[in-house]
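Both complexes below contain chain A, partnered by chain B and then by chain C.
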Partner chain A sequence: MTRINLNELDPSFKFKVASSRGGEGLQSCYACKACTAACPIEKTVKRYDPRKIIRMALLGMKKELLESDFIWLCSSCYSCSEVCPQDVRFTDVIYAIKNLASSEACAPSGLSAQKGLLKDHGRLYEVSDFENEKRTKLGLPPIVEHPEDYERLL
Partner chain B sequence: MAEAVDSMCEEKIMHKEVAIIGSGIAGLSLAHELSCLGIGSAIIDRQAVAGGQAAGFACKATDSCQRCGACIVHDYVSKVTIDDMIEPLLSCHILDSSRTSAGFELLLNEVPARIDQAKCSGCGICKKVCPSPGAIRINPYTGSFFIEYSECLLARGFSCSVCEQACFDDAISISSESVPKKVEALAIAIATGFEPFDATIKKRFGYGRIPGVITSLDLENLFRSGYFQNMGSENSFSSIAFVQCVGSRDIKIGRNYCSRVCCGYAMRSARLLKFMFPSIKVTMFFMDLQTFDRDFEDRVMAASREVDLIRGIPSEIKLGASGKPEVVYNDNDDEVRVEEFDMVTLSVGMGPTTPHIGGYLGFIGANSGNYGDGSFGNPDPTTTGVFRAGSANGPRTIQESIEHAAHVACEIDRYLCKIKSGVDVE
Partner chain C sequence: MEALLYLGCTVPIRNLNYELSSRMIARALGINFHDNEALGCCGFPLKSMDVMSTILSAARNLAIAERDNLEICALCNACAGTLNEISHTLDHDQDLRRQVNDKLKTVGLEYNGTVRVRNFMRLLYEEVGLDRIQSCVKRPLNGIKLAPHYGCHYLKPSELNIGFEDPEVPRTLSSLIEATGAQSVDYASLKDCCGGGVLGVSEEVANSLAQKKLQDVAVSGAHALVLVCPFCNVMYEGQQKKIAKTAGLDLKVPVVYYPQVLGLALGMNPDELGFKLNRVKPAEMLKLVEGLEVF
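This part shows the complex of A and B:
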């Protein structure tokens, strides 16, 4: 069992999450564990436990949450929101937490690399001559990258 | 319509100080308390037998009493039956209601098929000859029979008097038309109790779809019908699960309140089953155990030695390969488990009956209220003289309903003093 140092907690963190978009339901959680029982990620990665994440946010474990790797594991399947009797909408709560982590520059390095790829190529993979040669052999038209479309979406 | 009934039953107008709607434990204890204060009352119920829902509950005593309160209902039924101040108007439907200068007027309709409880010897010939299953039922207190009119062929527009002809005791009277009655009262007490949550609404728990998934009220019926007692020693019944908060504390279905009784009855039922079958595995899934009884902590401690208490509501109940229910849950060690049970009991919550009674109690109007909204039970100018007792006013256990009825009896007494003398007695 890990000890929690109360002096290092941020009591205002829960209000910060609750006031961000998607995080409104955070404080209505009864900790009934239905979300954890429904979560497909929790079945394989024990560290990812929706109920515990909510408790951590409510306790104000800002550093532990925002710097953790597990908050990025959510697959956005909305199973937790489906079973929640209190309408917490955990998937939206985790989005709010992820947004806060990004704004605190705690996002994993892979994420900014993905962002760079999107920015340069308009997609998560660079389309090289190799792919286009293969497509020509198969009689398909070559793909032209339009990174400016992505810029426009932002 | 009121005039027509007036002319028909001029001599049948009943004057009482209080008309109590509902003969459940709240209505019965309210009538008894009022009688102690010297106030006469009429108890109106559409059922043929007094006792309400609590009368259908089973005693949960193991080797010692678990204080479930089911037996108290029997006491109150007998107290009320012998009381001259109380007039039971059973098998009566309320057709219409109005506020008069003197108080209230209720128009009742007594159903045309009745068994005189005093004459019935309990031979059961009527039940044997009755073409409609479920229409003739046995009174759990007296052993006599009564007609559940909603199941009777007469209620469906047929003409039938088979039971009347078969009865040896001449106790059954089937008339061609219903008997109108009129009650005048100074005050009205609504003691219509609660409506159990319809578990089919929570689809992920599979009630009505998966065999072996039952509600707590079904479990009461199994206890009462002797299902467990008659199982014998070579049965295959080895595991049962209780799922709490089904239809309570659920914002998504508009019931964001605790039903207050489910933890208690699930715990008592679990211990009773463990007492009957010491080798079975009893698991209870809960959010948090609500402690309303004064000795509840002790009971939780005692139960935790016999019952697997798991803090976590299952995400779903599936139909297993062997045809039994499979519960998906996250156990106390944070492991997701899929476990098969022989039986899963959903502890269904309590909901208000007021949306239904609003129809015939027109003068209550839009202020019929709901559990959980603050307006319920508060005095309101449009409902002066209308009181709510027991779980018509919010979820209550049997004991709490009795206590609340005593409180309401005092309130009614004060109200009656006020309207009779014009002085507010504090």
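This part shows the complex of A and C:
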């Protein structure tokens, strides 16, 4: 087990998470572990443990969280939020933590690329003539890209 | 009834069978779908990066629906969930709505908070209703067993679905299946997540989630797994071969969309419902459909 040096932790981190959109419920957690028991990811990947992630955030383990690979494993199924007796809304809390990691350039490259796709095409997939010809043959209306709006908004 | 059809990113490019069959059954049941080519991504894919980007993308689409004076009907669970969530958020946070409208102004839009969002199943269930669906069935799917998969964003967060569905004991899709004359099959992992949300980060983790359900459905006696979300389809249909190969399993679970099933019961033929585009052919199921020419 790795030792934690309390002097290296960031006591302001929990406030940063709690003041982010979605992170408001962080400090209501009383560690009952209902979230972990409901989590389908934790059953496969033990290091993705919602209760532990909350403890890490509360302790100020900012670096260990933001630079970790496991915070990105949430499948966004909301099972944890449904069972939480304290209305922590862990799905939203982990989104807030991932947002903070992204702002420190820690996001996996695949995710960062999706923002580029939206700015370039206004959609996740580029719509080529091939796709629209296929749609026309089936009697479906064409799909039009609107990258200009997404470029301005994002 | 009238609704703005929200296709999202995946359905109109990769799941034309879902789009074709949805349009067909909507027409047959008196739902008038409107198209608007201005619609784009709902913003869900950006949520991990920056929630504000999701809010702005969703608000742009909500504003387009508001300008058309139509409620949104989404085929994808993630799109329906995201648009529904952001519409609720903007209803309850005036400061945020002002901030969003400042940005929307730059693309010539404004959102005043009047748009309702439902997924297609909810629209069928609430607007058409089981009784009317049943009375429109021309070819009951007797003898066909189907395993429903609701998908997480269909059920949760439950606060967005009050009065519609209980995520602990889901019933709407099962009863929609039974309205066609088919039998809805229960199985142990019915409520499990498909894993699609992590596919972009870890294929291994995503596949391990999907594998359990495919195995359960394979031994449940069901002729097919019934979906209502293209994201879940990526896992159960798109990844099925790879999952089977990696785990050394002999998996051939047909995966169909609910509107395709209902279309058959309404007397439509498999071609117009896009069955040619299903990767694992539901041959056994189609054999049991009365009066159907060999597929």
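Convention: the second predicted complex is superposed on the first by the 148 of 154 C-alpha atoms of A that agree within 3 Å, B and C clash if a C-alpha of one lies under 4 Å from a C-alpha of the other, contacts with A are read in each partner's own complex, and residues count from 1 in each chain.
One rule holds for everything that comes next: contacts are C-beta pairs under 8 Å (C-beta built on N, C-alpha and C of every residue); 3 or more make two chains touch, one makes a residue touch a chain.
In this text the structure is predicted, and so the values were computed from the model without any measurement.
Annotation for the three-chain superposition on chain A: chain B and chain C fit side by side. Residue contacts after overlaying the shared chain place A:L153 against chain C, while chain B stays out of touching range. Our angle of interest has its tip at the CA centre of chain A and reaches the CA centres of chain B and chain C; in the overlay it is 90°, to the nearest 10. Contact comparison for chain A: of chain B and chain C, C touches the greater number of residues. When the two structures are aligned on the shared chain, A:I4 is found in touch with neither chain B nor chain C.
Residue contacts after overlaying the shared chain place A:S79 against chain B and chain C alike. By the touch criterion defined above, A:S102 lies against chain C but remains apart from chain B after alignment on the C-alpha atoms of chain A. Across the superposed structures, the minimum distance from chain B to chain C, using CA atoms, reads 8 Å.
Of the residues of chain A, those at positions 79 touch chain B in one of the two structures and chain C in the other.
Remark: chain A residues 28, 30-38, 42-43, 46, 49, 79, 83-87 touch chain B in the complex. Across the complex, chain C is touched by residues 21-22, 40-41, 44-45, 72-79, 81-82, 91, 95-96, 98-99, 102-103, 107-108, 110-112, 114-115, 118, 122-125, 127, 131, 134-135, 138, 140-146, 148-150, 152-154 of chain A. In the complex of the two chains, the chain B residues touching chain A come out as 204, 245, 249-252, 256, 287-288, 311-316, 328-330, 334, 336.
Looking at the complex, you find that chain C touches chain A at residues 7, 9-10, 12-14, 16, 19-20, 23, 35, 37-38, 40-41, 45-53, 56-57, 60, 103-104, 106-107, 152-153, 156-158, 167, 192-193, 195-198, 200-202, 205-206, 208-209, 274.
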